[in-house]
Each structure stands twice: as structure tokens, then as C-alpha cells.
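Supplied in C-alpha cells, the structure appears directly below.
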Amino acid sequence: MTKSKTIICRCEDVTLEEIEAVIEKGYTSMDEIKRITRCGMGQCQGRTCRTLLLAELARATKTHPNDIKVTTYRPPVKNVKMSVILGGMEDEENS
Amino acid sequence: MKKTEIAVIGGGPAGLMAALAAAEMGARVTIMDRNSRLGGQLVKQTHMFFGSEKEYASVRGIDIGKVLSAEVLKNPRIETMLDSTVIGYYPDDGVLGVEVEEKTFVKIKPEKVIVATGASEKFLPFENNDLPGIYGAGAVQTLMNEHGVVPGENVLMVGAGNIGLIVSYQLMQAGVNVKAIIDAAPSIGGYWVHASKVARLGVPIMTSYTVKAAYPNELTGALERAVIWQVDDKWQPIPGTEKVLKVDVICISVGLSPLAEILWQAGCRMKYVPQLGGHVALRDENMETTVPGVYVAGDVAGVEEASSAMIEGRLAGLNAAKSLGYDNGKYDEKRREAMEQLQNLRSGPVGEKIRQGLAQLAL
Amino acid sequence: MLKTSGIPTAEDLAVRIPPEERRKKGPVVMIECFQKIPCNPCFTACKHGAIQKFEDINDLPEVNFDNCNGCGLCISKCPGLAIFVIDETYSENEAAVSLPFEFLPLPREGEEVDLLDRSGKIVGRGKVLKVRNGKYEDRTPVITVAVPRELSMVVRNIKLGGDVR
């Protein structure tokens, strides 16, 4: 498997090679890896890569997936335009 | 701020049944779905469902979706919000943030929440897994069954679970050639009757095989070849067993993972249960999570068949309504019936994995 | 092997083949259902008491072959498309096999078609006798095809024809 051509995060184009390299450097939490590589920070907000990253971390660190701390799930769960949120605030002021 | 008694997030089989059951008990329900129609994945299911008459056995998923959607839409106690995505749950004040038609942001404060958001498709790491022509099975179903577009001419299906087998059959119905169905597991995960259906069309099913790599056409950059290889009983690839398939589509059907963002945000206690597809919320037999007033139903509660999703939905709807003091006199009977149906659906040998998974979730 | 290829072995089939004496009397059902899954519409579809009531919905269907008249109403109701009706008395040298067929274009009555076995391999030629595609079949048409008698337990599909698009 050519790891530099194996995509883990499609939105942010993060490869397996990059993930393995950061784990090698000692970043072993999903949060750290997310911040360093942007894995899971794209359009789909990790819906595709999260399970792949979890599996890769579990394998590399020999940890049960249940013992790996997942990243924080913050709203919004999808990309939302600022105008949508601002529109909502306006609505509240009016009501 | 908008108020409702029960908010149902997701208008698929579980959400529709939850809304109907809660409304039947007397509660006022708001059901939200991000699509512009109700039905969720039922809309793409052209095959007849298993189960018994009560679970719409022998009826095609697409028809079940129509029946349930129509019932929801005409029910005066149910408000339907389409093109409405719940983008956040704020547990401190119990408010849902909903993006409507990608234009407005609406805040809803429900007394109870039923999360029926379903699941998303898992993906597979292999060389060049981002080439044009590599799809999830759900995407292929959407293309074909919703939009009438075929994904290509020759397909390698990865995954011999029910979805992989069913989508292969649908591809053949659409006149697309399925070159092979492979699965890394040593045996077929889906129902054997589905496997036999595609086998007698001449589609080879190859167990203990996985994708090694995909290669593009040099001119177009799109998928042209797939290389598969055998895996041993420890799931390790065996060099020298490679086979090359000329395909312009690889369809990935390696399982689903619960779409549980809202549950995480609500602060539900979650557990990683591989038999159920990933992280799922702990819940009691009434489908209530560790956060009082937050219920789950369907694939988000553990990936299973649509027939059980519908009954879980009914159960969650009944219990959410009951907790608000609603009871049309049939609560006990309906609840018992739903629990029996779930028990029946899961009691056989094919339900073993689900039973193992659920055993880890009980509160 | 069913669990690795989806193709039942002779051993799997042996328990499902209707008894020879019954086959000699006319059309009879053969349910190629080998796995305990939660499903029972075949019982609901049978109006002749041939397919027995399920004690547990996960049980395999049980057939009382003496009650079966080969009507085939169960064929299009099986979600697994696993039910066939075999008539070994159709003619001196031919048997008639009724099978579910959800593909376009549908064959026409009288048309010669390639006959396929359970692995999709062409095993011979046969003639389409009947195409049932009414409201009852509800988009699962039932095709009855005349096949060489010795292939009555082999033929389970016909070759797809034409470009559906």
C-alpha cells in the first residue's frame, strides 16, 4: 500500500502517511491529530475519516477504541453560512 | 423561540414511526429532516422487506416510505419541517439549533427529543482511494434510485453485507455489470437469499478478498483498474494473490457508523460497540439515554435492519409521549407488543451480533 | 458454498427438494431458503395450508407438499426471491420451472431464452410459457419456462436480455 496515496480525510486531503508520521512523533490523541493535520475539519466534519482515524490510532497505539478519547463534537455539525446564524439572531431581536 | 412537546430528529423509518407513535398517544410532535422529503433511506430501497406483516414484510422499502410519510403529513398533531438540519443541541437550556433551507436559523425548545439521525457510510483506506469512480454504496443508490443515473459500466462491489448485495442486484437491474463482490470476511455477512439472487445472475462473490489499490486512466484520471488480494484468517493480505479487475466503479459497502453528533453534544454516555457500528449511546429498554428526555431510535442507536429501526422508533415515540403524561389507554399493550417484535426480530442466529452489541449498552 | 459464494450445494438442496412421488403428480413448490432469518411472508401468502405456520419467525419454512397445488402465489411474495415452482409433468421431455424475475426487458411468452443455473451459468435453451406480471405480483414478475426435464432442479434463472437503458 502506497501510504502517500491512501487518503484518510477526503475533505482535507490527509494521507495515511501523514497520520502515521504524526503518531510517530508522539501525537496520539484524536484532538491533537485533528489540530495538526486538519483531519476531520473539512466539509463533512469528520463523518468519513473519524472512524478511519480511530481505527488507525487503535492499531498504532495498541489501544481499544473505547479507550481513545474522541474529538469534541461542537455545533454546528455541518458548514453553515454566517448569514444564516446572523439571520437567526436578528429574528430573536425582533420577536 | 419555537416550542414543541417532542422533537424528532430525522424522518427515516425510525423517526417516522416515532412521530406517529407519539402523536397517536396524544403528544404534539415536530419532525425535522434535512432532505426535502420524508422517508430517509427507505426512498432508495426497491427490494421487499423481511420480517412479519406487522413490520411491512414483503412490502418494498420505497412503498413503506410513502405510506409512513403520508400518514405523518396528514397527522394534525405532527408538524413536519423539511430541508431542516439540526446543527446543534445545547444541553444547558435544552435548545436545538436548526438550519432551515440553508437560509434561516431556528431555535426550538422541545420537552423531549428523539434522535433518529441514522448512520453514515464507512470508508476504506487503500492506494488511490480518492479516484473519481469510487463511491459509497449509499451514493450509488442515491444516484440510481433517486436521480436515475448509473455510476458507470463495470463495478467492483466491496462488501458482501446486505447493502452490498442489494446494491449489486440493483446495479444489475439498471443494466450495469457487477464484475465481482468481494469481502474481507471469510463468509458472506448479508442474508444468503440476497447472495443467491446475485449469484444466479452470474456475479461471483469472493470472500477473504480486499482492495489493494485502484489505478486511474492516464488520460481521464478516472478509475480504470482495481487490484484485489486475498487476506488470511488474521485479515493480513497475502502477497502473490493479487487479481486485476477492469472496472470504472468501485462501490464501497463496508458498513455504517451511527450519526451520533447530537447525542455527544447532549452529553449522553457513549460507548464504542463494534457490533453496532461504532459509538452508540447507552440507553434503557424505553430507548431513553443517560440524559433524561433524550431518546434514540434506529441506526443511530446501533446499526441494524430497517424493520427493527421502525419498531425502535415506535418504542421511543410511545415512551417519550408517556413521559409527558400522554396515554390513549393503549400504551402498555403497544409497548409490550413493540418489545416482543424487537425480541423476535433479534432472536435468531442472524441477530446474534446485535444481541452481543446491545448487551454492552444496557443501563 | 452458500456462506462463501451464495450458491447452495447439492447437500443444501437435498433437504429442500420435494419428494419424487410428489413431483410426479404435478407442479409443486421448492423453497430455497437455507438460513434462519426473521421472515414469514411465504406462510401468509399460501392459501392452501402448504407452507406451515411459523412457531418462531426465525424458523426455516416447512412445506406440507401434499397440500401444495403449485399455484405459485408465494413466488412473488418472498422477499428473498427464493421460491420456485417445478412441474416435472409438463411434457414428456420437459419440465416447467416458475421463477421470480425482476429485470427488464421482460421476456415474451413463446420466446426462446438461455437457461441459467444457480451460479448464473448457461445450461441450455428453453421456451417461455408464461409471464405473470399483474397487480398481485407487484413488480416481481413470475416467469414460467419450459426446460429439458433433466434440468428441472438445475435451472433457476434466465439470461437477462437487451439493454435496459
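Labels A, B and C are assigned to the chains in the order they are written; within every chain, residues are numbered from 1.
Note that in this section a contact is a pair of C-beta atoms (placed from the backbone, for glycine too) under 8 Å apart; a residue touches a chain by one contact, two chains touch by 3 or more.
None of the values given here were measured: they were computed from a predicted structure.
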{"item": "Dominant interface by contact count, named by its two chains", "value": "B-C"}
{"item": "Furthest chain, CA centroid comparison against subunit B", "value": "C"}
{"item": "Centre distance in Å when subunit B and subunit C are each reduced to the mean of their C-alpha atoms", "value": "31"}
{"item": "Inter-chain centre distance, subunit A versus subunit C - centres from mean C-alpha coordinates, in Å", "value": "50"}
{"item": "Separation of mean Cα positions, subunit B and subunit A [Å, integer]", "value": "22"}
{"item": "Contacts with two or more other chains, residues of subunit C listed in rising order", "value": "none"}
{"item": "Contacting residues of subunit B [partner subunit A, same complex]", "value": "1, 85-90, 97, 99, 102-107, 120-123, 125-130, 212-213, 257, 259, 261-262, 264-265, 271-272, 274, 278-279"}
{"item": "Subunit C - residues contacting subunit B, complex", "value": "2-8, 32-41, 44-45, 56-58, 77-82, 102-104, 116-121, 139-140, 156-157, 160, 163-165"}
{"item": "Residues of subunit B that touch subunit C when the two form their complex", "value": "47-53, 57-58, 60, 150, 172-175, 186-188, 191-205, 207, 307, 344-351"}
{"item": "In the complex, subunit A residues that touch subunit B", "value": "1-2, 5-8, 10, 13, 16, 45, 47-52, 56, 64-66, 70, 72-78, 80-81, 84-85, 87-89, 91-92, 95"}
